[in-house]
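Pasting the structures here.
Shared chain: chain A. Partners: chain B in the first complex, chain C in the second.
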Partner chain A sequence: MTMSSTPTLMARHRAPYGDLAMALLVIASLVAIPYVVESRYLLGQVILALFYATIASQWNLLFGFAGVFSLAQMAIFGFGGYATAMLCVYFGWNIWPALPVGAVAAVVFSLLIGLACLRLAGVYVALLTLAIAQALYLLIVTDTECFRMVGSACRQFTGGAVGFARFGDFGTRALFRAKWLVGNYAIVSVLFGFTMLCTYGIVKSPIGLAFRALKDNPGYAVARGVNRFQSQLLVFGVSAFFTGLAGGFYAAHFQAISPGILSLSQLLFIIAATVVGGIGTFWGPLVGTVVLMVADEAMRETGEYRTLGLGLIITAAIILMPNGLIGRLGDVVGWARKRFAAKAPSLSATQ
Partner chain B sequence: MSSVSPPHSILFTCDGVSRHFGSLKAVDCVSLVVEAGEILGIGGPNGAGKTTLFDVVTGLTAPTSGRFWFGDREITGLGADTICQAGVARTFQLNAAFDTMTVLENVLVAAHFGRHPRLFSGFRLGRATREAAYAALEFVGMTHKAHAIVRDLPVLDRKLLMIAGAVATNPRMIFLDEPVGGLTAGEIDVVMDLVRKLQKSGITIVLIEHVMRFLLQLSTRVIIMHHGQIIFEGKPEAVPEDQRVVETYLGAGATTRLKRFFRDKQDQQAADA
Partner chain C sequence: MSASTLIAILTAGLTNGAVYALATIGLSLVWGSLGMLNMAHGALLTLGGYAAYTVVTTYGLPAPVGFVGGIAAGALAGAILYGAVVKHLLKQPSETFETNVLIATVGIGIALENTILLVYGGQPFRQPTSMDGLLRIGVTSVPVQDIVIILVSLLMMGVVGWILARTRMGRAIRATAQNREAAQLMGVPIRRVYLQVLMLAGALAGICGVLVSSITQLSPSLGGDPMLKAFIMCVIAGLGNLPGAVASAFGLALIEAFVQFGAGARWGFPVLLLIVILVLIWRPTGLFGRAAIRRL
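Right, the complex of A and B next:
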């Protein structure tokens, strides 16, 4: 076989200008927001959106890139949050060391789920993971056994239906006083940015290539040397680390964690955000979260029609943009590029 | 056809391999050897167990019984990924590919994961990986389509891409499962040239094909399977002469055409001489 490398091809790696521009836009927005947004309520909603975007980006890594239809995403998020809170409550830890340990606990939990799902495909993964998530939720909610006394009140080991509260915070209240929310915003922004950066690195690396290959055609991927066992555990582990970490940050930000975050509606919001933004696209989950959160805010006054409105948006997105907003954007860019290339037959035509 | 390799250097051995699905004996105690450098053609009616045999020896399906070796190494029970990394690549009857990825990404997966075992998939594609991928695309003549999305490719390109993926794993042996199924006559010639080029580059080939012209012209040796068993093994010219093969597989019409084909070929060679 000739090993004459083709320099024209090698030189033509498409530079990720689009991603770079998007990243700059996101960073600029994140920096500008605390200067522009004065309402504490709105800033709180932005923080919430950052949490949702982080969780959605990891669900997208699992489903959009690796094709694992897991419905345990909120369970893993909750696991990380609960682990962090319980470390603080039961062992008196400071929140900061509890955060990474909580994330690792979520990874272990997720790896066990991943092992259980190894021989399953498609919808069966969804069924098993949903069952695990629901079991976790019910175990916590129905826990009535007295584990310790707080004053005269009896508290369960899992916190029961009430959950845990006031186990510590980021330390921003002591540091920034009245401006503590901006401090929290900065911390959550860094978490979000860190997660996105690592996810980008994974998606663009050979690991990401293996994930996508397994999603497209598992049998063919294995026949080309991809290790399914390793790749599947890797995606469960990596996504759980960032999801669990986000869970811990969520608990620390609100100084509380309760079984509500494990509910189905939270999970469906994450999935809807990813669908609207574009499943399997790097920026989709963020864009989808922003769109749904803004729409939700805009419809705040409409009361019960709010849910209906969200439903309509999701339905419209699925019908009109099967690949989400980012997918539609990609179509437009591709079309424009073609038009441009046709008008000016340049370098690319000679190759 | 002069054989470059020394005689009797056995590259692949199958010993009593069976695969049963319940009471169905899809592959029933098949033993065969493949010599280095040859093109072994496998034919036979639908359901004869040809693809199941491929699935078993390339690690996609576990054998019910039997053992098989690649060179001196026993590869029975190894995973498909490990067998691929050992140097045995395959293509599929259905046009398998990573549909949402580009042509280049398709071969990059094969070049990165298929050439040798990796403990960890790593964070970067090495230079050797890229070069192997580009070389594989060049080998099948698809360099100019490197950035096309595979979903949009016509059937010939998908077949070629699958071969490129196999080549990118740097194999010593390739199993081709119906490489020209569904192609036009002109396209079949393209693939035929490519298979010859594979053989010249030192890769041993086992292929399944229903297109008899392709199977008999390319193969140095032919096996015909029926009901999971080998019912014929020998030279391509001998295939239309075998009574059992004619009865179970070829039928009278095809047999006459094939006999005429080999007679014409003989006449041609006589005329050339």
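Right, the complex of A and C next:
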């Protein structure tokens, strides 16, 4: 008994070292990238990837860890971005105080969605959140009512199909001049690191265990005193905070926000990244985002086949490796460890 | 409100309701018997519409043949969906099936829609598989196509009801929906039932696509709007409940038509959504849903 339980105990103790090594690797890469990457285009793509990885990690927290299949992720991201932009446009705020307020607005928005949806069972949550996200998108795109005049042009309250632009930036242009993109990169990296750190803390905390218990066996979790509705509402709000914050940073980085980010293809990319990397694994969304961004760059040559390729990658990934790349890696490591463990005693026996 | 306005609104509501009902039945049927939410349903609609267009425009065949072409393309796509995706996902652990199949069909839907965009281009076409002309009703006149849509939709509902209630295949589908394991033990070929259901749902989507494109236009994103509406109708009716799906489709479509007349076209969908959310707060299992006892 003791002999057989030792490897699992060891594995449980070993796990944080693996995460630590991965974290150091990620930090080292983040620090090295601005020194290695010369092209502005490429650095811009890396920043975009960091945004995607941040959103994907929050969708993963929601679905992979807590089992809430929400399709309103980009709507919450967009809500944070729009709230930040509108505070700057209509109240003349500086971007920095607008960012946290925008994030809190996204939390309020998500809690309203959560109150309406989370009493329902799994698949109905997906249906209703998708419907809400699409309604928001359609309302913004079809908004034609004049709210204010900019010069001779009429602008809508929601920005309409065009959105908002030039409402302020991080202040990196004034500070770093030509190197402003590196400054933005540093800010977005810090956002990403902060989000990942907090997410790790949540996942490993008692409340994180409650989320996972609700996903793995809802009946048992509820019987042990976990309140399903409250816990899921909590995780909805937490992930919305980071998602909305990322939305504000996104708006500030591009100095623009338009309804395009609410479209279905953006949501699809986030889901694809999580699926390819590994749903319910901490590093999965990051790995998946990197893989998909590289694949996307490779498919740039084919131009219009990009979306088609993305759709097929999602389907193929879920059929061939339902646990994602991280899951496959785990399979390989487990297999190697078993091989090693099987060989080790025979070696000691011969000596 | 004059009588002619009222008739116009009612016609629009009933026509849309007929289209939504067909889309909702397709989704609900697949959910009820396979336990899967087919996110590619909208793309199957689009495929049906374009298939009918191709048969009539490229091959110069008459409109009824185009209609059959739409049905055939939908059914074929349903079969391919089973063979290429669903069959393999059924081999995975059953507790992840529900979400995995949802994600996989999202991927298929986007790939199919994009393929249509690449083949036909983004510019909208007029659906040739339709009927022109107006029918006089009292003081006003109603497009013949609207009447055709309502009749075809009612006919299809009758056919689906007949298949489910009266045929051997329908019995097998209902048995599988009730209890998969028990049906299997009784000798029902589960996999063939899955294939049949997906082909039937694909055919329904094909018909729905031809109908919806005949009152709007053919475009690669054609199926998105009916599918979205069908989603919230499924939520109201409870997935897998076919009579409820039909009732909520017509009910919500009529409400939508009145809202669009009163407050403008863009408020139709948000108001529907609000109604759905209010209904769910009142009855979390849907208007017609019974509280299902789930085995954990």
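Assume the second predicted complex is superposed on the first by the 321 of 351 C-alpha atoms of A that agree within 3 Å, B and C clash if a C-alpha of one lies under 4 Å from a C-alpha of the other, contacts with A are read in each partner's own complex, and residues count from 1 in each chain.
Note that in this section a contact is a pair of C-beta atoms (placed from the backbone, for glycine too) under 8 Å apart; a residue touches a chain by one contact, two chains touch by 3 or more.
Treat the numbers as computed from the prediction; the structure is a model and nothing was measured.
When the two complexes are overlaid on their common chain A, residue A:106 makes contact with neither chain B nor chain C.
With both structures placed on the common chain, the touch criterion links A:217 to chain B and to chain C.
Looking at the shared chain after the overlay, A:62 reaches neither chain B nor chain C. Touch counts on chain A: comparing chain C and chain B, the chain ahead is C. Of the two partner chains, chain B is the only one that A:206 touches; chain C does not reach it.
Touch criterion met: A:134 reaches chain C, while chain B stays clear of it. By the touch criterion defined above, A:261 lies against neither chain B nor chain C after alignment on the C-alpha atoms of chain A.
Shared-chain residue A:225: touches chain B; no touch with chain C. When the shared chain is aligned, no partner comes close enough to touch A:83: not chain B, not chain C. Chain A uses residues 217, 219-220 to touch chain B in one structure and chain C in the other. The touching residues of chain B, counted against chain A in their complex, run 58, 60, 79-81, 84-85, 89-90, 92, 96-101, 104-105, 108-110, 112-115, 120-125, 130-131, 134-135, 137-139, 143-144, 146-147, 165, 167, 169, 201. Those residues of chain A that touch chain C in the shared complex are 63, 69, 116, 119-124, 126-128, 130-132, 134-135, 138-139, 142-143, 217-220, 264-265, 268, 271-272, 275, 304-305, 307-308, 310-316, 318-319, 322.
Residues of chain A that touch chain B in their complex: 1-6, 9-10, 12, 14, 201, 205-207, 209-210, 212-213, 215-217, 219-228, 230-231, 234, 280, 351.
Of all residues in chain C, only 31, 37, 85, 88-89, 92, 96, 98-100, 102-112, 114-115, 117-118, 224, 228, 231-232, 234-235, 239, 265-266, 269-270, 273, 276-277, 280-281, 284, 294, 296 touch chain A in the complex they form.
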